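Can you keep this structure in mind? I'll have questions shortly.
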Amino acid sequence: MSIIQSFPLVIILVLLITAFMMPLIKNTKIIKGISLVSMTSVMILALINLDFVHKNGEYLYRIGHFNAPYGIEFRIGIIEAMMGLLFTFVALMIIWYSIYSIEKEIKQSKIGLYYLLVNILIGSLLGVVYSNDLFNCFVFIEVGTLASCGTIIVKDKKENIKATLKYLIMSCLGSGLVLMGIAYLYSMTGHLNINYIHAELVKCYLIYPNAVLISIVLFIIGLGVKSAMFPLHNWLPDAHSSAPSSSSAILSSLVLKAFVLLLIKILYGVFGMDILNHFSVLNIVLILGSLGMIMGSVFAIFQKNIKRVIAYSTVAQMGYIFLGIGLGTNLGVSIAIFHIIGHAVTKSALFLLAGAMIEQTGHKSLAQLKGIGREMPLTLGLFSIGALSMIGIPVLPGFISKWHLSLASIAAGDTILIVVILLSSLLNAVYYSPIVINGFFGEENLQGKVYKSKSKPLKELMPVIFLVISMIYVGIASRGIINLISLGLM
Amino acid sequence: MKKILSIGITITLIIILLLGVSELPKFGQYNNPANNEVSHYYIEKTTKDTGAMNIVTGIILDYRAFDTFVESSVLFTASIIVLLLLKKEKHIQGIDNEVTIIESTILKQVSKVLIPCIQIFGIYIIFYGHLSPGGGFAGGTIIGTSFILYRIIYGKKFTDKTLPYSKLITYLCGAIMLYGVLKGYSFITGGNHLNLPQPSLGTPGSILSGGFLLPLNILVGLIVAITIYFFFTLFDGGEI
Amino acid sequence: MDNIIIILPIIFPFILAILMATIKFNEVKRNIFVSIGVILNLIFLITIFYMFGEISIHLIKLNEFLDIYLKIDKLSIMFSLLVAILWIFTTFYAMEYMKHEGKEKRFFTFFLATLGVTIGIAFAGNLITLYAFYEFLTLTTFPLVIHTDSKEALKSGKKYLIYSFIGATFVLLGMILLFSITKDITFNAHGILPALTKENRSLYLLSYVSMFLGFGVKAAIVPFHSWLPAAMVAPTPVSALLHAVAVVKSGIFAIIRMSYFIFGAKIIKELHVNIFLSILIVISILLGSFLALHQENLKKRLAYSTISQLGYVLLGVVLLNEDAFVGSLLHLINHALIKIVLFFCVGAIMYTTGKTDISQIRGIGKQMPITMGCFGIAAISLIGIPPTNGFVSKWYLAQGGLTSGEMIFPAILLFSALLTALYLLPVITEAFFKKGEHTIVKEAPMKMLIPIVMITIIVVLLGLFPNILITFIQQIASEVI
Amino acid sequence: MEGLMNNYYETGSIILFGIGFAILLLHNNLIKKIIGMNIMDTAVFLFFIAKGYVSGKDAPIIIGAHKGVQGYINPVPSALMLTGIVVAVSTTAFALALTVRIYEGYGSIELDEIIKMRSD
């Protein structure tokens, strides 16, 4: 029983307790320091834990003195450990970035509370990832929802409030459905622990066919609302575009992903392949996912505001993930998880860079951001790398997941999906390339722009550079990562 | 049109859910799958394991204490967000709010008698949470209402002197941090099977029993009381 | 990794480009720097070919499909030498020409980068590497196309970008389908595919057609050709390169690789796909010529003629017999040389007189005899009158057509040669035999004339003594068919 | 149908859920929407609590002698819903606070009017 096994719990406790500490401190510098230090230490813990899991394989960790099913337990597999590392790393980078720029977006008096909310948010997301107990996941989801809404409304504008209310109502609907699903499962099995529910369910799912089907659908819709599955995404663009850019980065790169992971956990952990096949319910996810891939990009093309463009592209990228889940093959799911990683790194970088542009120029709309490439060459350069990954230039993660998804869909027997994937990547090119082109080239775009006049100092861009580097690394190391993931899925 | 559509959606939703319900095991039967070995284990062992006579308290504060910890952080987050949204700087508020004070001797005298009773009742409920119905949440709410009553009757200015914001937030954070530390200790010692000293369970039925249950109940009660008071004051003018 | 030297000619131009972007040069220094750079690159190539011969290296192997694999065979030697040599001439020409376009720094930066990418295409040892360099080619040539940064330039630049991405998407589709059948996409003479069966037939067909069309976008096959005339807004050296070597020829090179080194002539024959494609190609030959007939703007006229000439090369590719293949490779080289001369001449006229249309150059042959002389020679050999090199390649193509048993192809070749004459000769007559208004125009500056004349000499020599080249190409052909 | 009669309790809670959902969809007034949300939550709680009930058994609090396993209802749903209620309370507080701010910002809590006043 090594002490390393308790690290996931320690991570969450550290994050929450430091968060509780913050209101007592008046000086915002100290608060920022605490937030950075806690996130860094947590990341190191996650790294050690990943290494441990990689060596010794997955394990169950009971919270408190009582074994499951009586107590609550964590299930730390390779995927969970990886996600822990990913979440903490991205969050650390985003916090590091926000330290320089947050004053410009938030009132001085609210900064402390902002970092508090971020810590709680990350802690709760990790809880959703780690926990092996459905009701515990539900409680974590609620904390996550509240905290993420909080990170939107810290910036005190009318639109934020409106967007947040929309988000809150939608996700309360979602969590209500999830709780209903849990109730169904409990009344059929009498368990809350995922493994035990599964054990019970495989025995009895033929007795209550409708109820099982309904509970699956309840989970898919409920979590689909929270993770912006296509027809239920309408809260996302407002929320993500109006939030402060560091929060939008967290929201679209981490928050959605945690809920998708929970969906994967529920579909494949609670119900399991044979039940899903028996109800052939995955096609819903598949169809909605491919719809999202196309429609998200199509919406993105018609947006005027750069952050809205990125937000809609998030919808499209979530479509990739749902497509992977919906394929229902081991390869498909592992690619979905790989795409979660790649997209988390890329999209956070894109949001931060867009935030930097808006912050330096004061303009949100694409029309006014023309010629930005001369004023902020480094920023737009990094942005272009991210955009290239979205468009799918080889070696970058976007291309890798596209390729594997296509292969997976061939293997799964629906070759037509390749057309969807390629079409959506083409659409990505259609709306990302104008930003870059008009940024760097064009006479009337560049005239009156002074070279590097508005560029941010390098040290403020360091975190984004790290994110971009890690993105390229994810692309280069893709084989290892995917093998690791499919190892974890076994 | 929209109305008809949404009514249609609702009705289909209800019908679908009812389809599921009609299959579920019969209501209130002893041999339902829900009443399985887990609930039996709780009913039998709670008192021995945790020292709580109130099984529900035993479950939420010991078996599934992690839920409760997260849940109190939900409460904390909510209060922080409401603070974020509604807290106004003092000087912005004019004198006009002073009008809201109710200058009534009867109320003041009655409340002088009433408020302590309410608080004693709340404290009783917290302290006997592990023995009888009740617990931190219920008792905390009751104490919170007593604060609210106090504020309504004696007005902002006076209440802010006796219950200043800075002190309250300190108590709130302190309480929840202590909670986190205590539970964290027992979580990790339990999870890693470390034989570090645990508080004794005492004799079931006496107040000083159940190990962490009593202090946790007190902490939870404190958190809830302050949160409730925050909610009220913030919605009423937002000036703390 | 002892063959690491192989990446030198690819990396070196990139290093040059980076230096070019970072260091501040005055004009003279920059010119020296660039010219030494490109010449060095040619030297590297030749030394590598002589010292190492046909070598290969797995640069990075990310996973079973994504391995960057470079391999030198005769075909890549031919293509890379062509590229490197023409690049040198273009460099010298551009030094003078770009003076009146400005922004030389940016121009030469991407110019050098494009050289590296094109040689990378030549060295690519498997489909994915080819695809990667193909995408990079789009990205590096885009700034060259929109060099003037005018609204029109941006518009056609976006057109170019969108067409290229669509093409790349088609290629990707074909590649994925292919990879799902054969877990291997390495180039290999005679192809790598397992034999055709009932099941995989449709997949083969789909993937071949989609890849053909995808690469065809860059090779300006007819439905996808319209980016090429639009790209004429680019400065003349760029258009010369785009047309002569870098872009369109890369597309054709890719098609050759894909057809003969992945599928192999045998399977394509069994698929019976080449006939349908040849119809498409014939259309592009004829349509290109017809459209070229009524273009006032000289560069546009040349652009459309490129479309039809590329049709010849592709025809040679899809006829799938040795003569045709030799002919197409020959024509690939000859057309490169000829077209570059034509563009340079037009550029020289634009540079000295600022005239762009045919009606304006009336009588210019008197003032600029050398330029127009070279133009005339190039035009004649493009039409294919013996003893020019154009004649040689067309002869082989016609033979290939006969061996394939289709009388129609030689007929089309002759007909379109006639059309070529119709759209090129008027230029010469206008220039020489018409009385123009007596403006005093002096000959183009030396720096521009030298490359023109030298390439023209090469053209003539290749016409007179084609055998060195032909024997080499026949070796290639005998390997793959 | 007979199944519904067996589970009349759950049926009732489901219908309550539907009512809450309908309020959420139909009403423009934000306060009413929030009320609808609460009704939905409550319905789910009822549903869940119903799972723990065993007819004729005591509440799971041991007074005097332990009545044995047969003696008490299933305590788990009660414990869970205690948590659930607190969560619902926090969410409601948050939503109400947002409504207050919306009223300050837009001068109305009718959703359609607010949507009209969108300021991009």
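Each chain gets a letter, A, B, C and D, in the order it is written, and its residues are counted from 1.
We take it that contacts are C-beta pairs under 8 Å (C-beta built on N, C-alpha and C of every residue); 3 or more make two chains touch, one makes a residue touch a chain.
Because the structure is a prediction, the values reported are computed rather than measured.
By count of C-beta pairs in contact, A-B exceeds the other of the chain pairs A-D and A-B.
Chain centres here are Cα averages; for chain A and chain D they lie 28 Å apart.
Mean C-alpha position of chain A lies 31 Å from that of chain B.
Between chain A and chain C the centroid-to-centroid distance comes to 45 Å (mean Cα coordinates, whole Å). Per-chain Cα centroids separate chain C from chain D by 70 Å. Contact with two or more other chains is made by residues 17, 21, 51, 76-77, 80, 83, 87, 90-91, 94, 98, 101 of chain D. Shown for chain B are the residues that touch two or more other chains, namely 17, 21-24, 32, 34-35, 38-39, 42, 64, 67, 71, 74, 77-78, 81, 85. In chain C, no residue touches two or more other chains.
Contacts between chains, counted with the stated touch criterion, involve the pairs A-B, A-C, A-D, B-D. Considering their complex, residues 17, 21, 24, 30, 33, 37, 40-41, 44, 47-48, 51, 76-77, 80, 83-84, 87, 90-91, 94-95, 98-99, 101-102, 105-106, 114, 118-120 of chain D touch chain A. For chain A in complex with chain D, the touching residues are 135, 139, 142, 145-146, 149, 153, 158-159, 161-162, 164-165, 168-169, 172-173, 176, 179-180, 182-183, 186-187, 192, 305. Here chain A touches chain B in the complex through residues 1, 3, 5-6, 9-10, 13, 16-17, 20-21, 23-24, 61-66, 69-72, 110, 113, 116-117, 120, 124, 127, 135-136, 139-140, 142-143, 146-147, 149-150, 153-154, 180, 184, 186-191, 200, 204, 207-211, 213-215, going by the rule given at the top. Residue ranges on chain D touching chain B, taken from their complex, read 1-4, 6-11, 14-15, 17-18, 21-22, 25-26, 50-55, 57, 59-63, 66, 69-72, 74-80, 82-83, 86-87, 89-91, 93-94, 96-98, 100-101.
Residues 16-17, 19-25, 32-36, 38-39, 41-42, 49, 62-67, 70-71, 73-74, 76-78, 80-81, 83-85, 169-170, 172-174, 176-177, 180-181, 184, 186-193 of chain B are the ones that touch chain A when the two sit in their complex.
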